[in-house]
Amino acid sequence: MRRFLVKRLWHAALTLFVMITGMFFMFRLLPGDPTATVISPALYPKAQAALKVQFGLDQPLWIQYFIYLKNLTVFDFGVSFHTLRPVAGEIGNRMVNTLVLILPSMIFAYFLGALVGAYMAWRRGSKAEGLLVLLATALQSTPVFWLGMLAILFFSLKLDLFPVGHIVSPGKFPQATWQMYFSLDFLHHLALPFMVNVAYQFCFPFLLMRSTMLSTIGEDYIELARMKGVPENKILYHHAMRNSLLPLATTLPMILGWAVAGSVVIETVFSWPGLGLLMVEAVGRSDYPVVQASFLLIAVLTVGGTLLADLMYGLLDPRISYN
Amino acid sequence: QGEKVPPVDFLTWPAAKYQHYYETSSYIADGWRELGLEVNLNPEPFPNPMLGKWFSEHDFDVVMSVLSGAPYRMEPDFFTNAQFNSAHSAPGDWNVGEFADERVDELGEKQLAIYDADARRDVILELQEVLYDLQPEAVIGSAISTTAINTDNLEIPGYVPAPDGLRSIWNQLEMVSLTGQAVKMGQTIDQASFNPLAANIAEDFNNLSLIYDRLIELGPDGKPRNRLASNIKIVDETTIDVTLREGHTFSDGNPLTAEDVKFSFDYFKEWEAAYYKKYLEHLDEVIIQDDGTIRFKLTEAYAPFILHTLGQVFIVPKHVWGSVIEDTGISKPQEFRNTNPIGSGPYSLNYWKEGQEIYFTRRADHFMKPKSDLLFVIFGSAEVVGAALKKGDIDVSLQPLVPTVVGEFEAQENLKIFRTYPNGYMSARYKASGEVFKHKALRQAATAAIPYEKIVDEVLGGDATRSASSIVPINAFWHNDSLPLPEYDIEKAKKILVDAGFTWDENGALHFPE
Amino acid sequence: MANNQKEVLLEIKNLDAHYNVDGQPVSALQDVNFAIQKGERVGLVGESGCGKSTLLKAIMGVLAPNAQITRGAIKLREVDLLQASQEQRRQSRWNDIAMITQSALNALNPVHKIGDQIIEAIQSHRDVDKQQARARATELFELVGVPPQRLDDFPHQFSGGMRQRAVIAMALALSPEIVLADEPTTALDVIVQDQIFERLDLLQKEQAFSMILVTHDLALVVESCSRIIVMYAGMIVEKGPTHEVVRRPFHPYTAGLRYAIPDPSAEYEPISIPGAPPDLSQQIKGCRFAPRCPLATSKCELEMPPLVSSLASDAARQTRCHHADQMDQLRDRFHDQSFWQTAKTTS
Amino acid sequence: MLLDVQDLAKHYVLGEGFSNLFGLSNPQKIRAVDGVSLRLQPGEVLGLVGESGCGKSTLARILVGLESPSSGALLFNGNDIAEDIKSNRKLFHQKVQMIFQDPYGSLNPQHTIEEIVTRPLIYQRLGLSKAELRERAIAALNDAEMMPAERYLNKFPHELSGGQRQRVCIARALVLQPDLIVADEPISMLDVSIKWSIVRLLKRLVKERNIGLIYITHDLSSVPAICDKLAIMYLGRVVESGLCDDIFKHATHPYTQALLAASPNPNPDIRRGRPNISGVIPNASDIPAGCRFHPRCPNAQPQCEMEQPAERHKGYHRAECHFAFDAKTEVTNRA
Amino acid sequence: MLRTFLNFFSIVWRSTAGKISLIVFTICMSLAVLGPIAAPFGPTERVYDATGNLVRLAPPSWDHWLGTTLLGRDVWSQMLWGARPALTIGLLTALGTVVIGVNVGLLAGYLGGAVDSFLMRLTDIFLGLPFLPFIIVLLSLTGQNIWTIILAMMAVMWRSTARIVRAEVLSLRERQFIAAARTTGASDFDIIYREVAPNVMPFALVGITFALAWAIITEASIGFLGFGDPNVVSWGSIIYDAYASQMMYRAPWWVVPPGIAIMILVTSVYFMGRAYEEVVNPRIKQAV
């Protein structure tokens, strides 16, 4: 176990390191001058040079790289080219906003998807199952931004039930940021993107759970449980679902990182001031310290999530012994 | 028959994000095709690499130039001499078309040295005339931006038609909230920085000018008005004396003195604050004459100094910035976050929820007499801003409304529409040093082959003002209104070409004169 | 119980069952009839796919969803299980009839402890608390010869033999009257197989349950079952007291099976039966074994032989063959591979 | 001598490698094959019998060159196999073929029978034309009693019965005309009713072509029908070997005796006694000291715990037991 | 290879859902091929009425089945033109993705050892990348046209296929027919590409369908975020156009059709993949 952990941590660290390096050089070596917008070509040449010095872009590349690495060790991600503020602070807030949107909806969607998926597999062949599978696939096939637009069109504009976007009503911003997350107004704003995200995220766990369940149901131990006279609903939850949950539960941590990355579109539609929106804006402005740090954050989430998934696997499946 | 005119590389904006600009260029291209030109629209992603091709590489035959208006750009030098003086053709400078003409250069230099507005005006008008003839660019006009306020919650009794409309400090000072709360204004761009040395986008300067005072503030009419200055005296071509308003204080209660003014100018220059570099170029020295008078010594005569330098540099408190490097351990003042800015302006920053809201509390004791608190709300898209305004969530949309929805907003009882005539403009900027448009006749013909009316009607929804000059009519004092508006006249265009010896082959393709 | 008169515990009557595969019925069981008496051990042999597991699952009432019983009755002490309600059947499972499944590796849920799986079986039927159930599980493990402290192990931590024992322990948890064993030792080595059968013999003596032993291995049946049922392609082709059936098979298939097993004491070489079992999704009119049978005649192809007593002296000795009466003369020829080669399908 | 195996061993070491740099693991040594000697003449069938996990398959994989031994010598036609493989792997594989236990798993499900049978020729880069390939495939299938072969050429493995599949495996092994065939439990997954046709086929091929066959099984009862010689393996070693008849009639190692006793007998007139060994085969990573069988041996003496028995023999009949061929431990099997 | 493809269609055709999706997909394909010919107007052509006025924001009518856009473009024509980029990008990306993924998976899974470690670390790195933002970055750096979009998507998407294929190869590697091939003298190359590869083809095909579905949606998302090819009208860019013109809630005929088209196309692709998957391999789970 300890060996496994050390090995996995080492892999994770290596992965992150390569990503950091790759990202750093990607921005600087690929065609297209990222400084072109930070340092607007519309500025006078002298002003441009001054800005270059200000951002440390006048140094040789490898020195920039080592400075970057050195700063990373103390969690200094550099300064945003756009706002000139430390990137960490820039991202932190946005990340929280993204997480309050993504995390609950993902967990809820997973929960719902797993339950419904399991139940539908249990009732395989029924009309309801066919319909739900079709619906889930169609939802999965729908661009989420379009789904969001329709939701706004219908729920916000037609029915006037929810705000069209943003995170709180203008002027209702409480003094302390954390208070916002507990305000009714915030929940009111959260509702619609939350629902859209749930609808979208629901498909994957639903379909996955259903298909794993279908193969689990054919397993001999389900048959034995039935022979033992174990009541049906107990077979469903204690045996079938417990086993089918494995692949699903273990994808959750990994998917989470991806969901944060994928929040770009949903945040755009709902003007949700989260990390996704920030990333797109930052890419548009070539604010690569911000982009790099966001990517790093997501990579840490994903790599960490994968690690967690592997550990969870061991926890949930006694057959895994980490040797 | 001469060489065939090579295909025209028309650098333009991506259709997706900058629809109007792209469409305008596409209408222009259609017009030119009728002249027998082959035109390739080359939409490049904005800002990158489009800005690079536009400003650094000058990689185009013609570029769809869209320059935004801003109060300081009312200064006549900006859209004339700065853009067309051959000395400014280096990469990164404003003469992107590498246009060169002796007469233009000469007139341009001349107006810079004239402090007397009327005398300078004559030169500027002449300069416009020369440019009109040489056509370094085809001016299309400027789009009117339409915004709206919610009259249930807001009144603007002293509204003035400034080129930046509701964003203008003059109008924001006049906003009176009827709800007793702050005036809620929706926009899509967050503040980048409250550090005046680091700021470089328009919205940043707008909000900074709420917090910090300048010596001069540009009036809505484009003329300078005193702000911290109570009097300005041109002593000679290179010496300007400014008398300071008395008894004013910073928001932390410390008095604002001549020391602070000198400190600010010296400080911005010393630390090479990027944006101000150009404007501080000609400043030689700041001398405190006495408690209330500051003398500015210039290296050479520079007429825009009043507007561009005195009207742009923010006066920051020496007691804060003087020690900011030592206090915070940063290496240059540009790195200072300044989240709790101390200024002498009519408002002070109450809070800033990054990416979400910015709240300004009015300083009742300020000489500019702000009427209400201001709350800027940042939305993700213009669409949402509009929707929020209609629903009454916000009082003002700072985001221009799309022409097609204006009617819808107008129809709503409690909304009032404001049309703003900005001083920016759109043009097809020729690369005058390039193979195609080095021919004056071709530039003139091309200018006559642009379907102006269609563009205004169909692309800009009728909400645009045409102009013959790069100084647009809203900048009334400097604008040369004697120049006739160019018209779409394909016959006239062809005639210009024929006269200059251009010919067409059997496919209708245009050929250079022999 | 007091007297020697054996009572019939389980009776299968005229059972027909099929699977639906792509809308086609696959006849898996046809006209199955037999009865089990208290305390006896019956061997059920036949080639792979002949319906042995289907029969056991039908008795347990856990047939796959695409299976359907179209006819017949399964009577447990005169109660027809096929008529019982879902809940009644659930109650009856494991309580009355328990099963040792074909592959113990897959039959144990990999994520639950073995002890818990036994406890679950007990608690599904008895109103006992966990302690009591666990005590019973401990007792069972001792019974089958596994150290009780290993109740807290997971299935993958057991060897094949131990797993099989655990499944046996589970089957005995509620002291059922009938135990169905579906190839309990096929996957195991001979020595382990022997150990398990030794244990089973012991337990059966102690607990007096009846047992159906399903296997491919005729030798195993010969050694451990008093009666034998031979199945071929979903039908019972022969049944009777084991030793008699093996010594004197009346069905060519039984003879084939018998001589396909190497017998170190005999002089013949083992034979193989040419061809393969029929495709059960096709309608078969005649004897299902006819295509592989050296005795087959046109009658065999057209007419399904009934399962009838083949020996006047013993009603329990039954065979499904038109030519059973010839077997006494021909039996010796079945040792001979070339005789088999005369069957129709041989290429 | 077709095959001469001398003191062959295969040890797997688990948990070595990079992570061991941190000293976090203690490598585990699995002695899968632990000193095996065998000899085989052309035209002979050697049976290799033992409980699961005793190393039969490992030995087989070494014999066909799928794995290399940790130590010991392997002479094939008098040449060292290791050398053979090094100098010309392809040629070696032409001469030694293997038949696997699972007739489904050893056929590529995506290939037709023709492809399966011709692939060896293609891999050998023999430069045969399409027609020649087909011809040889048909010949091999005919040899494996798949008749008429043409009918099967375009079928896929899943369209065949288990017995037919195993014949295809045999045809694939034959197509290169090998000198030695190693068959690892070739009939254990087949139905009783067809097992013997496969066994007979193998036996016929060995005799007709004068090739060697190593027949691996865990089922002693199938051995007399095919094997000439027999080797009993226990935990990576051959504990008893000799002529088939000798062993069946005069098994001398207690393990062989137990194996014989444990096999059920189909003859109702014979009652066998139960073997009196206990426990299960230990793990190959944890082989008992002394005689490796002693923990389960009914005759174990203190000496057995201490020292590894030397080989004893009586003619061709050999056994590794301290008491082999002693009159008092010898059990004469039922005749 | 061809066999597997034909097999794919015949298997898909077997189930009802598969049949319907195959028909829908074929219709979309033919739209992509014929669309530009059938389209009444060009993708950016402005439509004027008899009096010379721009026909802007016209609701659906007989002349304009799906109405017109703010700048007087025929939405129906744009839909027809937009099918081609959606499918070209989708198909090429899916193909490229699978070719890379399958090869990486094959090599890593079969060769094992250092090759495997290296390739899997590489895969881990790509798995850690935020999918959409990364593609956007690539596009903003390398320019935005169909080919860079395809390359950028390919650069990220191969990772899932590689993982799935590798896992499968790991289990295939232990199958006896591989050992059988080795004992007949097959080289590593022979084994990888002649023995193992045919067996991962079903995975590759399922991979293609999932990658196709993903690519189409991603292309739309890229278009929606304004990073699409500025010279190409695609379904995603139509939605973006409406969005950027602030017409998304005012001109439903403009926004709804591209969304529905994407939904129908992608659904049919998913269903084809699933119909195939259910038959060939119940083990293939949803491509993660």
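By letter and in written order, the chains are A, B, C, D and E; residue numbering begins at 1 in each of them.
The criterion applied here is as follows: contacts are C-beta pairs under 8 Å (C-beta built on N, C-alpha and C of every residue); 3 or more make two chains touch, one makes a residue touch a chain.
What you are looking at is a predicted structure, and each value in this text was computed from that prediction instead of being measured.
C-beta contact counts were set side by side for A-E and C-D; A-E has more. Comparing mean CA positions across the assembly, the chain most remote from chain C is B.
Chain geometry summary: the mean Cα position of chain D and that of chain E are 50 Å apart. Once the centre of each chain is set as its mean CA position, chain B and chain C turn out to be 92 Å apart.
In this assembly, the C-alpha centroid of chain A lies 54 Å from the C-alpha centroid of chain C. Annotation for chain D: no residues touch 2 or more other chains. Each of residues 140, 143, 243, 248-249 in chain E touches at least two other chains. In chain C, no residue touches two or more other chains. Chain A meets chain E in the complex at residues 11, 14-16, 18-19, 22, 26-27, 30-32, 34, 134, 137-138, 140-147, 149-150, 152-153, 157, 204, 207-208, 211-212, 214-215, 247, 251, 254-255, 257-258, 260-262, 264-265, 268, 276, 279-280, 283-284, 286, 291, 294-295, 298-299, 302-303, 306. Taken together, the chain B residues at the contact with chain A in this complex read 47-49, 51-52, 54-56, 90-94, 181-182, 184, 186, 192-193, 195, 198, 200, 272, 274-275, 277-278, 332, 334-335, 337, 351, 353-357, 359, 375, 377-381, 383-384, 387-388, 391, 393-394. Interface residues of chain A facing chain B in the complex, by the touch rule stated above, are 32-34, 36-37, 39-48, 50-51, 54, 79, 82-86, 90, 93-94, 156-157, 160, 163-171, 173, 175, 177, 267-273, 277-278, 284-286.
Of all residues in chain D, only 61, 64-66, 89-90, 92-94, 96-98, 100-102, 105-111, 119-120, 122-124, 169, 172, 176 touch chain E in the complex they form.
Those residues of chain B that touch chain E in the complex are listed here as 14-17, 19, 22-23, 26, 41, 43-45, 48-49, 381-383, 386-387, 402, 404-405, 408, 457-459.
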